[in-house]
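Below you'll find the structure, written out as structure tokens, and then a few comments.
Letters A, B, C and D name the chains as they come in the text, with residue numbers starting at 1 for each one.
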Amino acid sequence: MTGKRHEPRREEYGFIVEIPTRWSDNDMFGHINNVQYYRFFEVVVVRFLAERAKIDIMTAPVIPYAAESLCRFRRQASFPDVIEGALKVEHLGNSSVRWGLALFRRGDADAVADGHWVHVFVDRESGRPLPIPGPLRETFEALRSTPGG
Amino acid sequence: MTGKRHEPRREEYGFIVEIPTRWSDNDMFGHINNVQYYRFFEVVVVRFLAERAKIDIMTAPVIPYAAESLCRFRRQASFPDVIEGALKVEHLGNSSVRWGLALFRRGDADAVADGHWVHVFVDRESGRPLPIPGPLRETFEALRSTPGG
Amino acid sequence: MTGKRHEPRREEYGFIVEIPTRWSDNDMFGHINNVQYYRFFEVVVVRFLAERAKIDIMTAPVIPYAAESLCRFRRQASFPDVIEGALKVEHLGNSSVRWGLALFRRGDADAVADGHWVHVFVDRESGRPLPIPGPLRETFEALRSTPGG
Amino acid sequence: MTGKRHEPRREEYGFIVEIPTRWSDNDMFGHINNVQYYRFFEVVVVRFLAERAKIDIMTAPVIPYAAESLCRFRRQASFPDVIEGALKVEHLGNSSVRWGLALFRRGDADAVADGHWVHVFVDRESGRPLPIPGPLRETFEALRSTPGG
């Protein structure tokens, strides 16, 4: 029913960042709370946009809005695990991109979770979708074509 | 690309709770951060389990684990909006349930967001899936058969 | 050593707001996490500034910066408790105000926690302290002079 | 009014951990939200208790409860800054310890914030204060006597 499909592998992802967990990421069950996984997704995407695409989302005229996200929870992690957040481009449209994401415990082959996050690029003022600006698109293309890069 | 499909309507949902927003739910864009929508989903599901299904997730021998969640972000909301979180049963399996969820600003007809959340019921000790216990199943059946109930 | 001093009483506070807890406010010990109490303080102060002082902190030319906060943790609370957040003015300076805060479980006489929060009013652009503007000051004076008002 | 006193210096603190910020630590003002500073304090104290004092707070018979915390906000930090959280022992009582804490941006001499956090050690079952167990006390003594250690 939950569609866990194939196991994600690190090599599919061209951008990886380390995310140390915090004690407050754990919930009453003693494991990382499932909602926090989206926080980790957010860290990965925002860092990619800042470090690779050089977009300053507080001032850029074209900004990304989340349209949809999904996470499949595969295994458990707990503070003080260090999480490796991994990013790839699953689909690149005219105004939107669907990021593929996976989270691994440092050193583990099997992912703790994977999913996607759809960003639509909009005009900061009007909120209307706009074509993804050329330099951004080039950065996204580069990520798409360099798995494990 | 993001599959927004049909607009969710309040009448489809049999359990609704009010969730006042907090200033810290807003992010740097001045709107409720998309990850917080999953926090609101969590409030709705946990309150249903506590109030209707009378399950104490800290002591029950059979507990729900999140297997997958998804959210479609349709409109924006901001502190100090009050959110109405709405719940229905989309699918009831042997060991799992897929909740349908939608969030509305109080008084608005159109949803801010909708999505789903899959719970698998597992043995607290072993973590292995178990059939949903009878009394829980009856409560879930009752929700499924009383839209807007 | 922790200086719990006198028990705070609701009647000392002129502005009270209800704050429903969320499941995620609990930590691994099964009680509201102590850091979340500052989130509740924040809700109370922000709502006072918005509702009574009519300050829009995203656009106002003079904005409040936190300079210091403190919380004494007296009793435990847990989801799904509803918290009443209570506010008074402890000290009103030229550029700053020290809010007195207390949190009660709805219906309880004894506070769960109390503390303070110091705001310094600064120029949005330069970050330099400025005298509290007249209309704000009047609102703060009104709160100070109407305990339980 | 806010008692900023002397500037804290790294050399006063015997235990330092790095805490990468997350985008969600920023608030609408574009800086780390003041409440998050307590989350950073929590990370530092919990990691000290786990790594140096080897206490497993989920199973230990004697556990620490927060009794009071305070933070002075001195400078601003923002994602993606890396924060260095620094810990010392300010006071060691029979059942309680007052931790001194400071936060620095990596490489900066001046602290972003400093404050304290009081822990009372209690019996897990009854919640009553107990003398700090011998091995814990020795670890706390060691931290107290090795500034910058």
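Definition applied: a contact is a pair of C-beta atoms (placed from the backbone, for glycine too) under 8 Å apart; a residue touches a chain by one contact, two chains touch by 3 or more.
Given the structure is predicted, the values throughout are model-derived calculations rather than measurements.
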Proportion of interface numbers common to subunit B and subunit C (over half same, under half different): same
Listed pair (B-C, A-C or A-B) duplicating the A-D contact set, over half by residue number: B-C
Relative to subunit C, chain with the most remote C-alpha centre: A
Centre-to-centre distance between subunit D and subunit B (centres being mean Cα positions), rounded to whole Å: 36
Rounded Å distance between subunit B and subunit C, as computed from the means of their C-alpha atoms: 31
Approximate Å spacing (C-alpha centroids) for the pair subunit C, subunit D: 23
Subunit A residues counted as touching two or more neighbouring chains: 23-24, 28, 30, 35, 39, 42, 58
Residues on subunit D engaged by subunit C in the complex (per definition of touch): 1-3, 28-29, 34-35, 38-39, 42, 57-58, 63, 65-73, 91, 93, 96, 98, 118, 120
Complex contact set, residues of subunit B against subunit C: 18-20, 22-24, 30, 39, 42-43, 46-47, 50, 58, 79-80
Touching residues (chain side subunit C, partner subunit A) in the complex: 23-24, 26-28, 30, 33, 35
